[in-house]
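What follows is a set of structures for review.
Both complexes shown next keep chain A, but they swap its partner, so chain B is in the first and chain C is in the second.
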Partner chain A sequence: MKGVKALYLKELSELDGVSGDEGRVRKFIEEKIKDKVDSLKVDVLGNLIAFKKGTRSNRKFVLTAHMDEVGFMVTNVEDDGTLSFAPVGGVDPRVVVGKPVRINGELPGVIGYKAIHLQKKDELLASPKFENLRVHIGARSKEEASRKVELGDYISFATDFRSENSRATGKAFDDRAGCAVLMEVIEQEQRYEDDLYFAFLVQEEPGLRGSAVLFEQLQPNIALVIEGTTAGDDPGLPEHQWATHLGDGPAVTFMHRGYVVNKKIYESILQVAQKYDIKHQYKRRTAGGTDAARLAKTGGGVPAGVISVPARYIHSPLSMIDLGDFENTVKLVSNILEEGEGFAR
Partner chain B sequence: MIDLIKELTESYGPSGREEEVQKIVLKYLEGHIDGHKFDPVGNLLVWKRGRDDKEMLLDAHIDEIGLVVTNIDDKGFLRVEPVGGVSPYHYVGQRVKFPKATGVVYYEGETPEEQKKNLSNLAFDNLFVDIGAGDRSEAESLVSIGTFGVYDSYFYKNGNYLTSKSMDDRVGCAVLVEVFRNLKDPRHTVIGSFSVQEEIGLVGAFVSAYSFSPQICIAVDVTDSADHPKGLKRHAMALGKGPAIKIKDKMSISHRKVVELLEQAAQKANVPYQKEVLTFGGTNAAALQRTKEGIPSATLSIPTRYVHSPSETVSLSDVEGAVKLLVSLVDLNI
Partner chain C sequence: MDTVSLLKCLSSADSPSGYENEVLKVIEENIKPYVDSVRKHKMNALIAVKNGQNVKKLGIFAHADEIGFVVAKLEERGFLRVEPIGGIDPKVVISQRIKIFTKQGVATGVVGFLPPHLQKDDQKDKVPDYNDIYVDVSCSPLSEAVSVGDICVIEGRCASLGDKFSGKALDNRASCAALIMAASKLEIIKNRADVYFIFSSQEEIAGPGAVSVAYELGLDEAIVVDVTHGNEHVPQMPQIKISEGPVLAVGPVINREFYKVLCDVAKRHGVRTQIEPTPGRSHTDTDEVQLTRSGIKTALISIPLMYMHTPVELVDPRDVEETARLLALTSTVNL
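Presenting the complex of A and B:
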C-alpha cells in the first residue's frame, strides 16, 4: 500500500455541498477518479457510482460515503436585505451565531446576532432560534439582495481547511472524510477479488435518501459505509459518555439508530484490524444513523458495516480530525478489500 | 404449546443477535415445512407449499428489546444503552443476561439527593451494570463493548395467563410455529418470516417479502392491553377476549380486504376475537405493505400486559385462538 497523504481532504472540505446541492463535490470527485476506475455513472438522484471490476467477480461489494453536508437554505429575502434561512440537516442554532457563510458556493455572508451590550442576562443563556437569525450579505434592501440571492438558495459554512501537528480542522468532515477515504482507496489503483462499487451518495443528512436507490441499480451483496462520526471526547463529558476519541483510530460501529450492524461484518472488521495491527476503537454511543440503516431496508436487503473517522464538533462550522485516524481508516478499508472473498464469509 | 412459548421466551435474541431463537424455531418446525432460507439481513424464511399458486406471508419478529454495552470502566463496571424501546426504570435492580455473564443493573448517585434526582429522572447515562468483574480486563473477557444483553427473566404460568420476558414477539413466533405444525394440505403456499431487528425500526420486514410474491401479509405481534388498574383509557383491548384484529396503529392501517378475511377466518373456526385500534406503536405490517409494488397487509395481535417489561403477560386462550384463526385463514380464498 502506498503512503496516505490525505490527498483530497482539503479540497473536499472546502467545497460547498449542502444536501441536494452536491454538484460541486461530485464534479470534483468525478474529475479525480475517472481515469482510475472502469466506469462511472451519475444516477437519477445524483449519486456518483464508480465501478472497478474484480478478479473473481463472485460478489458485489459497495463502499459508500455521502457527499452532502449540513447547512442552510434561504427561506425569504427580507425587506432590509437580510436573508431568513432554515437548517438542512441537523444543526444546533447555538453554533451558527457570528459565523461566516457562503451562498451558492460563492457569495460571502455572515450570520449576525445582537451584541452582548443589548442582551439581558437570561437572553445570554438562551439558545437562539433559527427564526430570529439572519444572514447578512451587505445588501441594503430586498431589491439589492434579490439581484444576488433567491429563495431556495443554499448556504454553507465558510471555513478554511488547516492542518497542524497531524490534526486537521475544517468543515464538512462528516462526510468528506469518508469521500476522501474512498478516493485514497481508488488512488491505489489495485484490483481486488470482489467487484467494487464506490458510491458517493447524496442527501444522507436529511434522511438517508441517496442510498435508498442503490439496491435497484446494483443488487449489492455487501456494503461498507465510511463515515465521519462524532467524537464527543470533550473535557465536559465523563469518559464513559464519549462516543469516540481522537487519535485512537477508526471507529467500528456495532449498532446505531435504526440498525444493528450485521454481526459477521462487524466481527470481520475487528478481525482485519487485529490481523494487520491497525489501531482502532469501538463507536461507543448508539445515537445517529448512517446509510447502513437504509441499505438493510431496501430491496432484498444489503448487510452493511460502518467504519468512521472520528471528528470533534461535527455539524458545526468547524470540526477536527486526527490525520492518523484518517490514515488508519484508509488502511483498514484497503486491508478489508485485500481479504477479498474471505471477508465476512 | 406452553413448552414452546417457554423455550422461545427464555432464549436470548436481542435485535441483531437472533440466531439462537431461529435455531429453536427450526427445531420445532422440522418435518412440518418444505424448505427454509436465511435472507441477506438474517430473516429466517420458511415455507409450506399449497395446492394453488397463491402465497400468503405470516410474519413474527424474532428479536427482543435489550441493552448493548458501550463502555467498561477501570473497575470492571459496564455502561449500556437501550436496544429498542426500553425504559431505564424496568432495569433498576433487575438482572441483564449476556451470552457469557449476567449482571445487576443499578443507578449511580454520590449523595442521597443525587440518588433521588437520578431515580426520579432516570436515564441510561446514570445506569451501570455490575457483572462481578474485578477490573476492566476481567470484564472485557466476559462482555466486550458491543455485546448485547436481555432481561434475565423466566417464564411462569398463572392460571390461564402466561408471563415472561420477550412475549413481544416470541408469542407471535410460537403462533407461527403452531400454525405450520397444524397445516396438513394447505390451499395456498404459506411463508413464515421470523424477522430480525423489528424493535429498532422494522429492519427485517422491509426486505423479508422481497423474494416472494405473496397476495397478503399478516404480522403477528403483541398489542397493549389496557385491562389493568388505570390502563390507557381510550384502549379496548383485554386479555382473554381472543386475538385482536388490528384496524390501525400509529404506523399502519390494516388493509380492509385482509381485515375482512381475518374476520371470516375467525367466524369459520368459531374463534372469539376482538378488534384493535392502538393509538401509538407499529408492527411489521407497516414495512410489509410497502414492499415492492405494495402488499395488502394487516396485523393479528395478542393482547399483552406490561409490554417491554421483564414480565409481559398474555392469555393462553388468546394465543390458541390466534393459531386456530390463522389455520382457518389458510383455507379461505385469498
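Presenting the complex of A and C:
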C-alpha cells in the first residue's frame, strides 16, 4: 500500500457543497479519480458513481461517502439589503454567530450579532434564533442585494483548512473525511476480487436521500459506508458519554438510528482490523444515522457496515480530526478490500 | 495606502488591552511620514505630534486596544479555559479559532461545541458562558507551551463585502485609521493648533490610558474618536446608520461650543454627519478626558459600526474617510 497523505482533505474541506449543491465537490472528485477507475457516471440525483472491475466479479461491493455538508439557504432578501436564511441539515444556531460565510461558493458575507452592549439581560441569556439572524453582504438595499443573490442560493461557512500537530481543523469533515478516504483508496490503483463501486453521494444531511437511488442502479450485494462521525471527547461531556474519541483509530459502528449493522459485516470489519493490527475503536453511542440505514431499506435491501473517522465539533464551522485516525481508516478499508471474497462471507 | 489596506493592516494586528505594542508599531510606521515627532508613552500609548502655529494644543484620541482573552486554567489532553478581557459575548466565541500568545510563539486552538447529536434536551437552549467554553489546543505543536496568563484573541479574517469592510477590532482600529489619514491631510491643509494624535491603551476595560496622556500634555481641546452602533434599533434614539457619515455626540460629557464648531466645520465643507444624543456617560475615553486637570473641552466623534465586539465588525470605509476629513479640517480653525 502506498503511503497515506490525506492528499485531498484540504481541498475537499474548503469546497462548498451544502446538500443539493454538491456540484463543486463532485467536479473536484471526478477530475481527480477519472483516470484511476474503469468508468464513471453521475446519476439523476447527482451521485457520482465510479466503477472498478474485480478480478473475480462474483460480488458487487459498494463503498459510499456523502459529498454534502450542512449549511444554509437564502430564504429572503430584506429591505435593508441583508439576507434571511434557514439551515440545511442540522445546524445549531449557537455555532453560527460572528462567522464569515460564502454564498454560492464565492460571494463573501458575515453573520453578525447584536452588540453585547445593546443586549438586555434576557437577550444575553437567550440562544440565537435563525429567524433573527442575517447575512450581511455589504449591500445597502434589497435592490442592491438582489443583484448579487437570489432566493434559494446556498450559504456555507467560510473556514480555511489547517493541519498541524497531526490534527486537521476545518469545516465539513462530516463527510469530506469519508470522501477523502475513498479517494485515497482509489489512489492505490489496485484491483480486488469484487466488483467495486465508489459512490460519492448527495443529500445525506437532509435525510439520507442520495443513497436511496443506489439499489435500483447497482443491485449491490454488500456496502460499506465511510463517515466522519461525532466524537464527544471534550470537557463538555464525561467520558462515559463520549461517542468516539480522537487518536484511537477508525470507529466501527454496531448500531445507529434505524439500523443494526449486519452481524457478519460488523464482525468481519473487526477481524480485519485485528488481523492487520490496525488501531480501531467502537462507536459507543447509537445516536445519529448514516446512509447504511437507507441502503438497508431500499430495493431488496443492502447489508452495510459503517466505519468512521472520529471528528470533534461536527455540524459547526470548525471541526477537528486526527490524521492518524484518518490514515488508519484508509488502511482498514484497503485491507477489507484486499480480503476480497473472504470478507463478510 | 488606501483606506481598505490601512484597515486591513490595523485589524490584523493583535493587541488586547494591556498588550498594545503590536498595533502601536503598525500605527507608528504609518503615521511617521506625516508628523513632526512620534513618541511612546509609559502607559502604552503612542503620541504623534504635528506642530501648528503654537497657539493651542488639540488632542485627538483613539484607543488602540481590542477585546481579547487571558488563559485562566489548563486542563488535561490539550484543553484550556479562558476569561475575557473586555466585554465579549460568549455566543460569538463558539467555533472560533483562538490565537494564544505563548512564550514560544503563537499557538492556535479552536473553541469546540457539542454537536446536536450528543446534546441532551436540557442543553439545547442553554447559552454557554465562560464556565462552559473551552479552547481545544490539541491541534497546535505549541499546546504544551501554553501557560496561565497567556493572552489570546479570536483569529480575525478581514473581508471586503461590496464597498463595506468587515473584520475584528475595527472597534477601534477604524478610528486609528481615521487619525492616520487625518495626519496625512495636514501636509496639505495646514493645521493651526498643534495636533497631538494619541493612540491610547486599555479603553476596553475602562482602564488607564487616555487620561494619563491628557494630563501630561496639558491639552486645551480634545476630540475622542471611537465607534458607535450602526443600523441598530435603540429605543428612544435616532437610528445611526453606516454609510451616512461620522456621528457627533451631544451631552454632558461634550463641550457644547466645541460641538458647534465641529458642526459648523462639517457644514461648511460638506461632511455629512449624524447626531447621537448622549444623556449621560458615553462609555468612551471622553468621559474621563473631560475631567483631566482643570477640565478639557471635549468632543466625541464616532464611526458607525455594525456587530460591535464580534469578529465580524462591519464599517463603511467612506465613513472612516469622512471622519478623517472632519478631523483634519477642525485642526485648521480658530478654536
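A few points about this structure:
Convention: the second predicted complex is superposed on the first by the 345 of 345 C-alpha atoms of A that agree within 3 Å, B and C clash if a C-alpha of one lies under 4 Å from a C-alpha of the other, contacts with A are read in each partner's own complex, and residues count from 1 in each chain.
By definition in this document, a residue touches a chain if its C-beta (ideal position, glycine included) is under 8 Å from a C-beta of that chain, and two chains touch if they have at least 3 such contacts.
The model shown is predicted, which means the values in this text are computed figures rather than measured ones.
When both complexes are superposed on chain A, chain B and chain C sit side by side without a clash. In the superposed model, A:265 lies in contact with neither chain B nor chain C. Measured by the number of chain A residues touched, the leading partner among chain B and chain C is C. Remark: in the superposition on chain A the angle formed at chain A by the CA centres of chain B and chain C amounts to 130 degrees, rounded in steps of 10. In the superposed pair of complexes, A:285 makes contact with chain B and with chain C alike. In the superposition on chain A, contact of A:296 is made with chain B only, not with chain C. Within the superposed three-chain model, A:241 lies in touch with chain B and with chain C [touch as defined at top]. When the shared chain is aligned, chain B comes close enough to touch A:254, but chain C does not.
In the superposition on chain A, A:318 makes contact with chain C only, while chain B stays out of contact range. Applying the stated contact rule after C-alpha superposition, one finds that A:95 touches chain C and leaves chain B untouched. Closest approach of chain B to chain C, taken over C-alpha atoms in the A-based superposition, is 9 Å.
Common to the chain B and chain C interfaces on chain A are residues 241, 285. The residues of chain B lying in touch with chain A in their complex are 15-17, 39-43, 68, 70-71, 73, 79, 81, 83, 125, 145-146, 148, 197, 200-204, 206-207, 210-211, 287.
The touching residues of chain A, when paired with chain B in their complex, are 221, 239-241, 254-255, 257-263, 266, 282, 284-286, 293, 296-303. The touching residues of chain A, counted against chain C in their complex, run 80, 90, 92, 94-95, 97-100, 108-119, 124-128, 136-140, 144, 148, 158, 162, 164-165, 167-169, 230, 232-237, 241, 243, 246, 285, 287-288, 312-318, 320. Partner chain A is touched in their complex by these residues of chain C: 75, 77, 79, 87-89, 91-97, 108, 110-119, 125-128, 132, 134, 136, 138-141, 143, 154, 157, 159-164, 166, 229, 231-232, 234, 243, 283, 306-314.
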